[in-house]
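Both of the next two complexes hold chain A, though its partner changes from chain B to chain C.
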Partner chain A sequence: MLKIRFLGSLLAATLFTGIHLANAAEPIKIGTFLTTTGPASFLGDPELKTLQMVIEDINAKGGLNGRTVELVHYDTGGNAREALNFVKRLIRKDNVDLIVGGTTSGDTLAVIPEVEKESIPLISLAGAVEIIEPTRKWVFKVAHTDRMAAAKIFEDLRKRNLTKVALITGDGGFDKSGRAQILKLAPEYGITLVADEAYGNKDTDMTTQLTKIRATDAQAIINFGFGQAPAIVTKNIKQLGIDLPVYQSHGVASQTFIDLAGGAAEGVRLPAAALVVAEQLPDTDPQKPILLAYKKKYEAKYGPVSTFGGHAYDGIMIATEALMRAGGTDKAKVRDEIEKTQGFIGTAGVFNMTPGDHMGLNLEAFKMVEIDNGAWKIVE
Partner chain B sequence: MLEQIFQFLVTGITVGSIYALVGLGFALIYNASDVVNFAQGEFVMLGAMSAIALLAAGLPLPLAAIAATLLTALVGLLLERFAIEPAKGASVITTIIITIGAAIFLRGVASLLWGKNSLPLPAFSGNEPIQLGGATLLPQSLWVLGGTVVLVALIHAFLNRTLLGKALLACSVNRAAAQLVGINVQIMLRLAYGLSAGLGAVAGILVAPITFSSYEAGIMLGLKGFSAAIVGGIGNPMGAVAGGLLLGVLEALGAGLVSSGYKDAIAFMFVLMVLFFEPTGLFGHKVAERV
Partner chain C sequence: MRLTGFFIFAASVALLPVLFPNNYFVTVVGIAAGLHVILAVGLNLLMGYAGQISLGHAAFFGMGAYASAILTTRFDWPGLLAMLAGLLVAGTIAWLLARPILRLRGHYLAMATLGFGIIIHVIMVQATHWTGGPDGLGEIPPLNLLGWTVDDDQQWYGVIAAAMLLSIWLSLNMIDSRIGRALRAVRGSEFAAQMMGIDATRAKTQIFVVSALFAAFAGSLFAHQQAFVSPDSFSLIISVELVTMVVLGGMASTFGAACGAIALTLLYEGLMVFEDYEMLIHGALLMAVMIFLPQGLFVGLSQGIRRGWTLIASRQDVQDARKAIQS
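Moving on, here comes the complex of A and B:
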């Protein structure tokens, strides 16, 4: 008897859900694969939080085109092979409509062939210029490239009439890609590299490399990396009493760097997204209201913002706007609409994508900032 | 050039004494139980992270350091009691795998408790570099060096001068015989874990102002400390110290004189060479197995 009743209610339940499913529209599924554990977790962590926050917001306002949005996330741990497995799963098993993600360049580059083969739009949050060069039909990116960072630093060096530069970089993908861009661009700006030192990203002391740099006739030091290593480099420079201008990359554009390097960070310059200096922007800057709104919302929920979370904001907003314009989830239509993104004001800058430029940011998107009294200051 | 080499040496000795402190913890547990405790690096991380957290909670630095050390020692004891002891009688390999599991568990807990960012600990006595000949070093490096000397001396005296320490050593020489002469092997094991956890914590707190700390900091430190213990002859505490210093100096000289890109390769090549020609380590006891 009990069994029959149970079966009966099970049947009723199935019927009800069946009716329910038929009535409500299927949710729009956005897939993502971020690095929320491992060395790059401080990038992926704010990215995931931002995606969740934005999607929660969209659903609270009634969804997109009357459909709710669902986020499907997998943590790659910074392992490119895992990234590829998860992207296959997102496409085949979860049937997502588009993918926002790839925290690191390594993860993103690993999944590009699969994404191209399966014809699904991908908006990457990673930095390397190789992601959009050559332009691939289905791949877009929203984070500044390392080439832009290198160019911005060289522009600033030229303004200060410095031509001899010592380079010190870590052994990660971001570091190596940045180093390659610096080596490539230096001749264009008339810069000579007098040292090219390396360290491991988990190393705890870089005084050896810096001692070698001290013995050269370098006029400035460029350190390209992220995480704690650049903070140690900055402290070691101070410790060795090297009195040269120090440039870091956009990889350390977060309060964490200032906290870690402490007093040694004073005077360090780096190209950064406008997000870190949002309050200092003139009121006429079109980015200012967007930056402040994102910052306020994120900080109310999770604590200090970072530019990395900002990339996730740009990625998901470009995606949802394209979905709205496409009026559905037809992948080819959504792709075309992403490519038509014009004048979108994000946290990284103003995006103007074209068929030949799947990022759409120019050098203006970077601000050269200097650390002054433990805070960021625009130096342009 | 001479000035540069001097700086390399200073750097090498500082980094080396960090490895030495971690290696010492490995040697202690290995001595008591023949087990390589792969959670040793996590003890170092736990010490540093809990000191940072306690400091942020408003405790003064010395108090935070002491509390963090005791806390980590407690974690070591609990680990022995609830993870190692239930597997009593299991093979050494099984126990080693348990410690690997414990390490992953501790990392996970730390990432939940303290997040994933690197966190700094303020230097004990300022950040003004000290000039030493042509080289410079941070006051904190002196703390690390001094701390290493004091801890090594204390451990050495404990193992060779006290009854408790000798009992601990006896367990490593022959566990069954130690039990027969009335040594409580169980208690000795707990002592070894508590002690090396506390030791790891002190190491972590001493180096955190230089290296920062994060939930993952234990991986690298554990690996280097393990190499130090191996080079010195695992099971010989003083060997671990020598091994750590050797490794640190070698890394610094390798990076300085050859190429910074091959820094780790040079150090690990050395470890391999030692294992190849002197499998028991530079200062290890020659083991004669009786069949």
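Moving on, here comes the complex of A and C:
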């Protein structure tokens, strides 16, 4: 009897340690839902590659707190309905510890109610200011907001003493949200909008709208959008011989835009993350080594970097640092640690998050760049 | 007896969460399937029984959803009242639309409903001030049913399941009523039906409105359950998916439509693991069903089983007869 009991306890002990070991080895699961197909895939694709690259790196170095990291990814195709379904799946079925993602603002806004209800930290890679305004307990973001882009453009206009501006935007979520911020901020900077034209993002010609703009007394043109359309607008402006300063948004801060717009892109200004002009930064800039390191690593593996991949880098790094500080995957603790992110130097700028600011970037994070001989040049 | 199938179905729906509490496939996929069933059953009344196609049904679904979303978030209406308003709007629009649109037949009707669906979708995208534009509307409060707040997954499963059963029950009863018989007559031959004294236009209008009401009802529940609506959920693709559900399950059968809705929802979920090949397999499966079971999954399979059964039974009869002769 005694023997049996002894054997039993031995068995229990081995089982217990076995379970314990299994627990320690269980990977930390990071969920993501990105737009890797469809019109916004040029945003989501580098994001996914970056996440995979960083996580591979972490695992090669022995993981986080002794646990490996596993990435669970779904492609939303830019469909908000799909995004919400995938996030439900990530939370309920894949049991992820934290979510990094949402390539587009639409995808992110769709999942916010679910994330808040299920109490799981979310670090969004999308732009719209509505994601963090009002501040939500579980939602953070790392990409510059459209409001920051608008403010940066207006600052530059003020420097050049330009006050009358024509606006032209597309019908996508990014465009509409950017347009709203521009309309809201313009009076603060003493800027009058003399035109407010719209086009469809799939349109192939915007000369009609631009002809109307030409008839106004605008001193500059602002185009807010991403993808093909801004390149077409830029080309059309040149074709119509409109000789005004042209401003684009951070949505086109990639080599693709310069290639698409060709010669017409010369002189176009836009606010962009420091990543596109990493080499031109002064050596004293604390961001420079980080940017160059990320760039080198990414380009060795996948080809030219884009600022969007950079956002994924910032997101996953903030997440892993918070996981490390929290010493585990307790969701509430991890959330608190993300909120305490201070002085984190990322590709988008220096992050200082607070309970009232779940992004933690200031206007310094944007550089005003101009396209000069088919390359980016800092104009500040 | 007529409702035996219904009770068996209701019992299994009720048992699922007891057998698998907090299972992803019950509480998340199950809810999605339940909403699809309401939509498909409603559309089946129009497509299966009245023989009228609608490629714009997502529009009515969206009207219900946006009515609930806008009225509860912007005007603080209670959920039930907003739902009623949504039903009223969708019903009225369907009624106004029915007369001109249901005069068309075949491809023309398909085109007209398609256009209607697209117009509603464009309004959802462009009327940013009301609908939130492409980014949609979020933070829709949970549904409050006379003091009881439906908030967690289990409760939602209960509510959606009850709504789904209600819609199936309504559909079954409607089909076996005077209206249902009139509709089937219209489907067979509108001219002959009129000769029999059936007001075909009226019958079609009625069922179009009822069908829209089903969709708007599902839309309201959807808005509260997701706490978020955006135009993506009511696009042309969704209308086509709904038609697929009805056809896949088997037209002119309430359980067929329900079966198609559940099968298609599970299919999407099950194929997710194949990632890039998802659509490929999805398409191939749909083609296979249509080739081998042209009457649809439910109708085709149940007919097959019945035929098999009679075959076995007749063999048994032959054997019995032989035995009788031999003895």
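Going forward, the second predicted complex is superposed on the first by the 357 of 380 C-alpha atoms of A that agree within 3 Å, B and C clash if a C-alpha of one lies under 4 Å from a C-alpha of the other, contacts with A are read in each partner's own complex, and residues count from 1 in each chain.
Here, contacts are C-beta pairs under 8 Å (C-beta built on N, C-alpha and C of every residue); 3 or more make two chains touch, one makes a residue touch a chain.
All of these numbers come straight from a predicted model, not from anything done at the bench.
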Simultaneous placement of chain C and chain B on chain A, clash or fit: fit
Partner chain in contact with A:Phe42 - chain B first, chain C second, else both or neither: first
Contacts of A:Gly66 with chain B and chain C, given as first, second, both or neither: neither
Touched chain A residues, chain B compared with chain C: B
First, second, both or neither for A:Gly343, with chain B first and chain C second: neither
First (chain B), second (chain C), both or neither touched by A:Lys88: second
Partner chain(s) touched by A:Pro282 [first = chain B, second = chain C, both, neither]: neither
Partner chain(s) touched by A:Ala80 [first = chain B, second = chain C, both, neither]: second
Partner chain(s) touched by A:Gly356 [first = chain B, second = chain C, both, neither]: neither
Touching partner for A:Thr256 - first (chain B), second (chain C), both, neither: first
CA minimum distance (chain B, chain C), superposed complexes, angstrom: 8
Complex contacts: residues of chain A adjacent to chain C: 74-75, 79-82, 84-85, 88-89, 92-93, 105-106, 109-114, 117, 128, 130, 171-173, 176-177
Contacting residues of chain C [partner chain A, same complex]: 24, 27-28, 32, 125-126, 128, 133-136, 138-140, 153, 226-228, 230, 232-233, 272, 275
Partner chain B, residues of chain A touching it in the complex: 37-39, 41-42, 45, 197-200, 202-205, 207-209, 211-212, 215, 227-228, 231-232, 235, 238-241, 256, 259-260, 262-264
Residue ranges of chain B touching chain A (in the complex, touch as defined): 4, 7-8, 11-12, 14-15, 18, 111, 115-120, 127, 129, 136-138, 207, 210-212, 214, 216, 219-220, 251-252, 255-256, 259-261, 263-264
